[in-house]
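My questions all concern the structure below.
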Amino acid sequence: MNLELALRMCEASVKQAGREGALVSVAVVDAGGHLVAFQRMDGAEIAGPALAPGKAYTAVAHRMPTADLAPLVAPGGDLYGLAGDRYVCFGGGIPLWDRGEGRRVVGAVGVSGGTVAQDVACAEAAAALWDGA
Amino acid sequence: MNLELALRMCEASVKQAGREGALVSVAVVDAGGHLVAFQRMDGAEIAGPALAPGKAYTAVAHRMPTADLAPLVAPGGDLYGLAGDRYVCFGGGIPLWDRGEGRRVVGAVGVSGGTVAQDVACAEAAAALWDGA
Amino acid sequence: MNLELALRMCEASVKQAGREGALVSVAVVDAGGHLVAFQRMDGAEIAGPALAPGKAYTAVAHRMPTADLAPLVAPGGDLYGLAGDRYVCFGGGIPLWDRGEGRRVVGAVGVSGGTVAQDVACAEAAAALWDGA
Amino acid sequence: MNLELALRMCEASVKQAGREGALVSVAVVDAGGHLVAFQRMDGAEIAGPALAPGKAYTAVAHRMPTADLAPLVAPGGDLYGLAGDRYVCFGGGIPLWDRGEGRRVVGAVGVSGGTVAQDVACAEAAAALWDGA
């Protein structure tokens, strides 16, 4: 992950949010789950600074989209009971894989502020940019 | 949000609690989720100082009544997995909108101590005062 | 401690702040260190909701004015190393003693937002009301 | 505070860091202390995502540069004992005042990663942009 690319990913999410009619916060984190870039659109809710980095962190920590985690942490799911200050286990966080063998998570993007479907769409816009970079 | 109005909202909630036969804590926060005024009725539980501000913060952060969040954070809900130190996701927190276009959340009221239905009624009494002010 | 008295103490502090030309937050807590009433003056800093209750809590927890704690927690002081999320160890918190034998702390007032001297003066205005009540 | 200006402030700090030969993280927060934009330069330490927003929050909360807080929280200082999860009390955080009467703090910038002097210089570069905007 690098800042230049992280900024472009943020922009891609913000642009997608515009198309969705949503106001979101976007966070990009590195392989350690630490913030590289963050942007909150004007008027987006103050939960974004907590939730967008949380989704990105969670996507790195579990190496899967946070949308896929949702059923796993539900009662009866394999990870029921998963908890922690920084976990956010619903859609909007997407891990980013290394571009060689694709075996290593090198970062993640997290989006919060719209509906879950909008957040996912915005995060995917950023991830698409990563995959194509 | 200002202190004078926040105090009147607290009083409105306390009065409603009297009618409900409940003992509650009331918190009013600003657009940043920070406390402006707080009142705990004599005999109300000590959880109130944590829960009432938590509900008010959550109502600002997600720009919806915390009662509406409850089904969303339940298993199977879109936001299942929402967590955080300050989140309280059941009824009793109500966001307050700006009185111009009504597009901006400028604060919230949170009530805790009675049943959820009582807490909601007390918060609504405060919100009604806001809407009428 | 009761709400009616706590509110009057808040008012006394706010009035004193007016005389001092300061913008403060005032917190009154019970014998358990839990908030009973809180008021933040218009324009007072957002640190107040954390610091004023913190000072009041600390004054109860150590049964002394927080101003007296300051030298004790300094390097070489008896309590050097005292730490914790809710401790605030400089002036502005004052314990309130029972009015019988004066052996039991039944609450405290904490003020934050002005200079330390102003905060102390505002807290003393509230404590005076308590002592005279 | 708005995102467009926050991004330009981040860029101004990053540029200044280049001149200083430092690798920093920059955070811009709103009047509630909540993150609006954040950028971490490639190679900057992972403490940045905690410290830069912390400095910005602290600058808002106490309405002064965090450099001015440093002597106040030192042993013997008026605020010795100031503590809290989000406080960072050394140089690198600068409050931003409204451009009308200059009486209201509307946000802050926080920089972390270089020496304190470098962090301050980078934060000042961002604040200068704000003052000139």
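Residue numbering begins at 1 within each chain, and the chains themselves are lettered A, B, C and D in the order written.
By our rule, a residue touches a chain if its C-beta (ideal position, glycine included) is under 8 Å from a C-beta of that chain, and two chains touch if they have at least 3 such contacts.
Everything numeric here is computed off the predicted structure, so don't read it as measured data.
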Shared chain contacts [chain A and chain B, defined touch]: D
Distance between chain centroids, defined by C-alpha means - chain B, chain D (Å): 32
Chain B and chain C, separation of their C-alpha mean positions in angstrom: 25
Rounded Å distance, chain A centre to chain C centre (Cα mean): 42
Where chain D touches two or more other chains at once, by residue number: 31-34
Chain contact topology (line, ring, star, complete or other): other
Parts of chain C lying in touch with chain B, wherever the complex brings them together: 2-3, 6-7, 25, 30, 32, 34-42, 46, 48-49, 53
Residue ranges of chain A touching chain B (in the complex, touch as defined): 43, 45-47, 50-51, 54, 66, 69-70, 73-75, 83-85, 87-91, 115-116
Interface residues, chain B side, partner chain D - complex: 30-34
Contact footprint of chain C on chain D as seen in their complex: 31-33, 60-63, 75-76, 78-85, 103-105
